[in-house]
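Structures follow.
Below, subunit A partners subunit B and then partners subunit C, in two separate complexes.
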Partner chain A sequence: MTPNVVILCAAGMLVSAFLMVGQKSLFTTIRLYGAQSLLLATVAVIMAISDHRPHLFVMATMTTVLKGFVIPLFLMRVVDRIGIHREIEPFLNVPTSLLACLGLTVVGYRVSTGFPEGTVGVTHHVLGVGLSTLMIGLFLMVTRKKAISQVLALLTVENAIFLVALGITSGMPLVVELGIFFDVILAVVVLGVLVRRIVDRFESMDVSRLSKLKG
Partner chain B sequence: MTLLVWTLLAPLLTAALGAVRASRKVEEVVIVGGLSLTFVLCLATASQFLAGDVPSAFNDALRVDGLSALVLVLCGFVGLLSASYGIGYIRRNDARGLVTPGLRQEFSVLTPLYVFAMLLVSVSNNLGILWIAVELTTLASVFLVAYHNRDTSLEAAWKFLMLGSLGLGFALLGTVLLFASAQGALGEDLPALHWTQFMAHATELHPFTLRLGVVFALIGYGTKAGLAPMHTWKPDAYREAPSPAGVMMAVGMLNAALYCLLRVHLISKAALGPDFSGGLLLTLGLLSVLVAMPFILIQWNLKRLLAYSSIEHVGIMAVGIGLGGEAAVLGALLHMTYHTFAKPIAFFSAGTLAQLHRSSDFSEIGHGTLGRAPVASTLLLLATLFVTGSPPFSLFFSEMMILRAGFLGAHPVATAVFLVALVILFCGFAYQIGRLVFGEPPAAADRATPADRETLDLGVMVTLVAALVAVVSTFYLPGPLMALIRAAVSVVSGVS
Partner chain C sequence: MDDILRALAGAVLQAVGLLAVAPLLRGGIKKMKARMQTRKGPPLLQGYYDLAKLLRKETVRSEVASWVYALGPRLYFAAAVAATTLVPVLIAAAPLEGAGGILGLVGILALGRFALAAAALDTGSPFGGMGSSREMTIAALAEPALMLGLFTSALAAGSLDLGAVVRSELVPGVLFRPSDILALSGLFLVLIAETGRIPVDNPATHLELTMIHEAMVLEYSGPDLALVEWASALKELLYITLLIDLFVPLGIATTVAAAPLALSAAAWAAKVVVFGVVITLVETTNAKLRLFRVPELVAVSLGLGFIGLAIRFL
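Entry: the complex of A and B
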């Protein structure tokens, strides 16, 4: 039963990434990111129980609290203060984006078969999903114009890296994981401050306007 | 507590003291005093290493070998130098009423914090802590890039943070994959990510996973080093950052990022042979030198010109490391040392010119600066001789060493391309600076207000000191420093 739940949660993360690609409302995208983090935490909890790795519980708790709730709430507050709620027009339209991401998923699965752990069973799917989500995150980063959307894309990439870490190594050493969490929180705060400064200056968070520096 | 821990605590405490609101005098004393102490502690740690000890802390998570000691000393030096210039920079801006207490405080917190993060990078023996420290350098420097809060500074800071975070995402994935390639052979606790452990178990690493990890880690840390094609944040960030912060990015951060690249390269070299990551570094390095070429020729801004020169130099170092062999590595590490001494002159004198003219665009500064700011212009010319690698100055020798090793080694064609690019870069850079310094001054050159006239203030004095250090280092490297370079070379080329 447990392997199926892991696969289900991992697949849920991939679905949430696809939904982000098709979504223009910033609030919904932030909620999707929160849901994705909760799914990641679930994967960690199940692995902690089935593989008897208690330190994964710490990671799961941190993921739930910080990425499931604190970061999404912080980002929602930023969006609320700014008063801009929608991604206007991404560089690529939604159907084309979805097709491109479908292709990226195939590539992700193909790459995952190269790992010694990646050919069979649960890890195959976890790695496949992790790498696909990673590439979808990168795709979102280059196609979105709103600063907050880019931040969310970055956070999605980071979630995907954690999923890959879970699939391939059952998690990094605890101290390192805590350090990474600390840095991520700090990065989100810095990004939030910078987004607000940009909005104050430009009265928009359309980063395609940041195009004065060339050459 | 060991000396090493104190070396790291000193800048951290300086940052904490910098956060206390005080008068300008007190703040100046705190930042320069704190960073002088830091530099002295760096020297003490290095001399402890030279005495045959291996300074380490936290169960070997921090450990100083030859490479660490060299980067540590260079970063400590740059931190002190740029903080001293920074005080002069702020005084000048203060004289024009551009400085608020908040801005001053921001500078005196972020600068030591940035130094702390760079020092932490340079003594990390643990790949996880290394990553965390590099992320800290990024976060500490974002607001230095955004310091002036202009439209363009925010744009530069945004690009810097997004590209930097993306690069660090890659580096994190690379770290995860490197960890996975050990397949549990190193255990699951913190020591499992120790670089020394990787080196001891290099033959047991899984090749596919390791290759993928090395590629991601090199691209990730290469972004921080500013290797092409991940260099695009650099010109923007250097133009917008105040010159003292620019020096820390162009020299300190460059050395620290190169340190990360070297650590990953060495694991790959021990496990997969020298050609895999060496070839990658050679390619990226050569690409950086080639990419810098057209942009230096068409450049319209003094600080962006320096940024492309910095991309060129990190490219030269990557080429030296990529070529492999003891001579090329010695060339690369000497180049790193000489570059650390030479680049501050360029940034400081360019910063002075930019401050006097309130812009770093060539069109705003106007030609013929020699008449208006003779000292800064002369120093800029001296810096040009250094950074273009003209004989008889130091960078010429290190470049020659790398070129010689390249022609004698396995990549003569790549070295030939490299040589041509260096010659063109030399001409381009010298042309741009020559035009700026000697050109016909614009008609309205006398518009300067008293605050905009060059005086022999602290900033110029610090630049003179930097120039003195660079000139002396050309002809005489102190014995202990040379011993550190030798020790670093044996770390890098010893394991083949």
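Entry: the complex of A and C
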């Protein structure tokens, strides 16, 4: 039963990453990120129970509260305040992106079998899904024009790394994870401010305009 | 000889049973949707009243309509009924298992769709042509996605027979796989696209710019229309049953006896209701997509099906 739920949630994260690639509404992307974080928290809770690692409960709680609710709400507020066009404009069109992500998923899964733990059982699937989500996150980061969607891609990558860590080590030490958490929160806040500055200056969130000279 | 008779009896019973329940599912979803929008909505049995009314009316056909026009709804209906005999519902074996597996099912459904699309073109009215062109555009993308999703499950079972697939998933200790989730998500999108639900098509509108399925059947009336409506409802129930069979077959009967059958019927009904609720939630929380964005949505389901299939091998 337990491995089944872990695999279910991990695969759900991959599906949510894939849906992020496949649709264009900024708000839906933010909600998908929230749902993905909740799935990650579920994985952490189950691992905490089955492996008797109580500190994972702390991580799960923080993931739920911060990544599941606080960060998505903060990002939605930033988007609301700026009042930008709420559609994502990627460099690549959706079908091409989907094809690229198909390839990346296969690569991620294939790479996961290279780990000593990654050839059999639950670890194989969790690692495979984690690495695939990581690749999709990186892909999102380089193909999206808007600063907010790049922030979301960064957060997806962070979720995927957390999942891979859970899969291989059943959780890093508490201090390391707390450090990562504060990093993420700080990154989101700083990027939120940065996004507003970009919008003030350029009247757009399109980062491809940053390379143009102003005078 | 005895076996053949028993299989035929099972097939007839199952087809009749599903035909009887199908309008209830549509009514239920309509009612739930209305309640979520704080409307009262039509009564649960409205689907049956509509069918009874339409079946009593006289047939009106265009003067230029040929036999293709008359054949369309009949073949569509027959294909939907034939498809029910290939899908396990209460027992972990399809009634006519020897007659065909996954490929047969997809082929029969495609035949019905083709018949209806051809019939819509027959009278030469712009609406019918527009509707069938749109329906085929979406179907051309949804069909491979359906195949990929079905193959993902068939690969695990090592058989293209739906009954064998269900039985292989009932073996205790079978580990859940990520590819199942990917295939389920992909097939759910196919379900939305094929049954003409929001965000792909709106079943409650007759606005010419947005309708897809309704545009195709706009010219039909009376018993012809009743056949189309009934077959569409049946198809929807069939797709949901297919998803239940492939991904949550828990509780399905493995022997023909009263107690397991009753349990299986209850489990099936509960799962259909859950799927109905999910469809209602999707319909109420999403806006209809622009037509040119629909292929992107179906492409997502195609992609999910492909990944599901690919990671089975890794």
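In this section, the second predicted complex is superposed on the first by the 209 of 215 C-alpha atoms of A that agree within 3 Å, B and C clash if a C-alpha of one lies under 4 Å from a C-alpha of the other, contacts with A are read in each partner's own complex, and residues count from 1 in each chain.
By definition in this document, a residue touches a chain if its C-beta (ideal position, glycine included) is under 8 Å from a C-beta of that chain, and two chains touch if they have at least 3 such contacts.
Keep in mind that this is a model prediction, so the values were computed, not measured.
Once the two complexes are overlaid through subunit A, subunit B and subunit C fit side by side, free of any clash as defined at the top of the document. In the superposition on chain A, A:Ala147 makes contact with subunit B only, while subunit C stays out of contact range. Looking at the shared chain after the overlay, A:Ala35 reaches neither subunit B nor subunit C.
Touch criterion not met for A:Val70: it reaches neither subunit B nor subunit C.
In the superposed model, A:Val58 makes contact with neither subunit B nor subunit C. In the superposition on chain A, contact of A:Ile185 is made with neither subunit B nor subunit C.
In the superposition on chain A, contact of A:Leu92 is made with neither subunit B nor subunit C. By the touch criterion defined above, A:Leu14 reaches subunit C but does not reach subunit B.
Computed from Cα centres after superposition, the angle at subunit A between subunit B and subunit C reads 160 degrees (steps of 10).
Look at A:Gly128: by the touch rule set out above, it reaches subunit C but stays clear of subunit B. In the superposition on chain A, A:Thr105 makes contact with subunit C only, not with subunit B. Taking subunit A as the reference, the larger set of touched residues comes from B, when subunit B and subunit C are compared. Our summary of the superposed model lists a minimum C-alpha distance of 18 Å between subunit B and subunit C. Of all the residues in subunit A, the ones that touch subunit C in their complex are 3-4, 7-8, 10-12, 14-15, 18-19, 22-24, 94-95, 98-99, 101-102, 105-106, 109-110, 112-113, 121-122, 125, 128-129. On subunit C, the positions that touch subunit A within their shared complex are 175-182, 185, 293, 295-297, 299-300, 303-304, 306-307, 310-311, 314.
In the complex of the two chains, the subunit A residues touching subunit B come out as 53, 114-117, 134, 138, 141, 147, 150, 154, 157-158, 161, 164-165, 168-170, 172-176, 179-180, 182-183, 186-187, 190-191, 194, 197-198, 201-202, 207, 210-213, 215. Those residues of subunit B lying in contact with subunit A across their complex are 126, 128-129, 131-132, 135-136, 139, 142-143, 146, 149, 151-152, 154-159, 161-162, 165-166, 169, 172-173, 175-177, 179-180, 183-184, 188-190, 192-193, 206, 208-209, 212, 235-236, 239, 295, 298-301, 304.
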